[in-house]
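Each of the two complexes below includes chain A, the first together with chain B, the second together with chain C.
Moving on to the complex of A and B:
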């Protein structure tokens, strides 16, 4: 079952602005296997969402552009497909759910008509068949009394309900991959767990792979198999959940994990990672984390480190680790 | 109880609108005028074109000198019954307004949607052209277009329609620019909807509210301009009973005592414009989500 579904290789997505070229995603590579949940972690502005939108080829152009890279999905390079071909893949084979369930549903349509339309967009079904399937989907995502909800407008549902409806729409065509861009950030903590468990359950049921984009390390630890940590447009550490949480190698990952509150340790204050993500317009030529790093050396200032293996499954982009 | 009656956006808007007294008054007034104009052949006591110099400028029923032939509002300089002419004239004047609005809407929506959605060069070209149109005063532009096309009601409709379309382009475009950044448009893209589908199924219905409000108010000024063109002689031609034309033909008698011949067509224009403005204001209030009482979150 460890067949690969998606392989992203050396993806570069740049935005051409008046101030200069913003290299939001600068050489990102990773692969997702069938049926796994892959975590993409990093702070705001590090390029997580741009990576996801690049896979969907939904980068607003202009100013954005996928400059180079391969996005191989089920043996097909998405980077080479036309807009028309992509429209057949979006929602059908790869679906995406967004951060804001409150505004991600069109206010002039009922939940039902949006669902039915989505299904009819990709499947050759009659309206009543699509209706039946929609009710079925709403039931699957745990919405009680689906027939009534079908007739309701988005503003009549709560945030959690709307996110469930979004998931129903995203999974309606049984896609082989679901991209979830911070799906629970806008929800209450109690609802977050429900939604994540729901996604986990549906993933098993449909054998869907999930690309989970988040800045919540707790979520990653619980649901993901493999993780990539992004910083300033690059992947700085890549490995299994075990590698990342038990043996973090990159000072950034270490800092992230240290800044998590823990039940075991009694600390007065949480550790803070000082500083901000550097500007992606004129990235320093050395290591991009170097200005915030407390263990950096001269080499870090001069040369950009490569992503290198430390164990068979674990890669890190740091001069200090590679030297060992 | 739980089974709350579901409301479409339309029903909700109607519900909101009904609470607005001045708006409802406007609707009543407008319906009254439209109904009168439509049923002119039944209601009109005389033939609006039947002229006779024997009964020139006779006063209406308010005067003792009013003749027996029942001329409610008196007669004009050609001895035609003013009331009948105003009834028939409504068909022309309101008709010009509606058709002109239709032309403005067709041009405005298609260009506005294109400019707003596709942006870039397309947007620049369309909007610069619109800016140029804006540099001319509206009535002057209509006058020039009507003058170029020639005289006549149909030409007046086209002239006013073209003159008003730049405003509509701007209104539509601004709506599209706002709606296309909404997350539900992004999620529609992520679900594989085509540009065409997103534009017409999702962006257009969502940006309809300002178009409706603006369209109603625009209709009021279009009627005013239709009358103005008639008054200036490039719109409707004699012997049409069009309000502006009737007004202009009778204005010289204002000071000679026959005030009614020019006043009543003017009052007709006034009432229609007021009623449309009331409806437009009411619609704006009803469609503004911030003022919606029934919004449930």
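Moving on to the complex of A and C:
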């Protein structure tokens, strides 16, 4: 077993709004080992991005607040750090890339000046050294003619190029963990393949761990080692990719996998999950998935299930499965 | 099988004057596209962003006027009809949009949104319209009580149901579905796809299904055309296209889709570079700049769509 890099324990992040308390992340625990790609999957609003922002401590406060939980990274609890101490971690040890590269790059700065700024902020380098390293990084992420690109503004680059520039920036300080929040959702399939393979290659080269947040089960199956499936603020299933895709236990995971149109077999009708994701303000008392579940029992309506082991590596939050 | 729609050498160029000297810049969004759609089938149009698939769909509906080429609907030439002459066809051909957040008027109730097309076409009495709205709402899976609510009170999937009910209001024969499920979550996506298939069976609809998600297209379409930079590079029956893709672009596109099975590691064909700009498309075959099988003829002559096998059309010099 390789060493663990990050351990999140019972993380709760709530948003206090006029309509009530939105429990976006409500008791999430997982760990990421050194050098692995860990997938966090779920549909929109399930709390996967809020989990990532909580790890970076980038939750806007107010209205958001990390209510409780431990975020242990390289033996240090990030939840207890001050903003000043966090700044040393962000970008240096943990960095993040976002879904929409256009909105996360500043339009008034050239790619070069943003890269140089990032590098100088974290490393004690002179400007020309930082410039050299920036060009090096752009070359590494496969941007042709990097010297010219250094002088360009984000709008002059295509979506794929921008995401490459973001990755260059994120990896400039050789972080030990990269959080990728839907890094390829805004990109086309052929570009998505380029970016994911690039990330895979760089991960090996720098021995970086990746927390990959996505809603695309295909991406998870192809690139992740371990996976957590989130639903309405909770992890409902946790295990290796093989556990999740070959022996899914939770009715939600099963439903998600079945509702995917497949490329290699033809089916008459897609199996569907009825209903919609519940509101996170007044979450149902029992199991959060119970209103959409077709195998639910009285117990599911009354009590909230715990995440329990079904095999050594595989956990599920379901009364039926855990009771077996 | 009867042809419902025929598209011949359709072109749609957008022009924009640039700079001091007002030089015209031409974007060839749709460039010489030919295909037909049979009655009752679902014809898929796939490609990446900017390949002209949406423009193609909108030009077919005459929401954009074609630059060149011709359009036949049920054998009638509709290419040069003006707005008034098009009006009767608007009842037969409609569209479902991609973004259910942007395509519904936020100040209208759901009932108003669904009945508006009937009002525009002066169909039915007020009472009949109200009944029809209820009927359509129930058909797409909305409750009676939801009809008096406003779009912002609904989730993405439910909004898409409203959009579908609206496009069914005039009892059309042909619907252009422009990425109808790409803004939705996986579990909701399956609900909408099933609904669209049920409606097709019940009402005998013909769909032009525009999408970039190959899994969805494979599930719902009978025949599929693949577009790249404004041109169709391959057309085939669904199973033929997926079992035996011929054009190097189609192959790369299919291989790039991540398979939701951790044991299957497909041989990915990773294309180099980005899609070139349609303002200045590459010479010859527009795909030659990224093609893994490029040879000396490709940058000189543009290939034409030719029937390589029965009902399998490819536009590539490899099969010339």
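Heads up, the rule we're going with is that the second predicted complex is superposed on the first by the 322 of 324 C-alpha atoms of A that agree within 3 Å, B and C clash if a C-alpha of one lies under 4 Å from a C-alpha of the other, contacts with A are read in each partner's own complex, and residues count from 1 in each chain.
Please note the rule applied: a residue touches a chain if its C-beta (ideal position, glycine included) is under 8 Å from a C-beta of that chain, and two chains touch if they have at least 3 such contacts.
No experiment lies behind these values; they were computed from the predicted model shown.
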Worksheet item: Touching A:161, do we find chain B (first), chain C (second), both, or neither?
Response: second
Item to complete: Using the superposition on chain A described above, determine whether A:177 touches chain B (first), chain C (second), both, or neither.
Response: neither
Practice prompt. Using the superposition described at the top, determine whether chain B or chain C touches more residues of chain A.
Written response: C
Worksheet item: So, does A:58 touch the first partner chain B, the second partner chain C, both, or neither?
Response: first
Worksheet item: Thinking of the overlay built on chain A, is A:100 touched by chain B (first), by chain C (second), by both, or by neither?
Response: first
Practice prompt. Using the touch definition from the top, say if A:88 reaches chain B (first), chain C (second), both or neither.
Written response: first
Item to complete: Examine A:121 and indicate which partner it touches, taking first as chain B and second as chain C; both and neither are also allowed.
Response: first
Worksheet item: Which residues form the common part of the chain A surface touched by chain B and by chain C?
Response: none
Worksheet, complete the sentence: The residues of chain B that touch chain A in their complex are 3, 6, 9, 120, 182-184, 186-194, 201-202, 205-206, 295-297
Worksheet entry | Touching residues (chain side chain A, partner chain C) in the complex | 43-44, 144, 158, 160-161, 188-194, 196-197, 215-223, 241-242, 245-246, 255-257, 259-263, 266-267, 269-274, 276-277
Worksheet item: Can you name the residues of chain A that touch chain B in the complex?
Response: 56, 58, 62, 86-92, 95-98, 100, 103-108, 117-118, 121-122, 148, 151-152, 155-156, 166, 169-170
Worksheet item: Touching chain A in the complex: which residues of chain C?
Response: 48-49, 155, 157-158, 185-191, 193-194, 197, 212-216, 218-220, 239, 242, 252-263, 265, 268, 270-271, 273-275
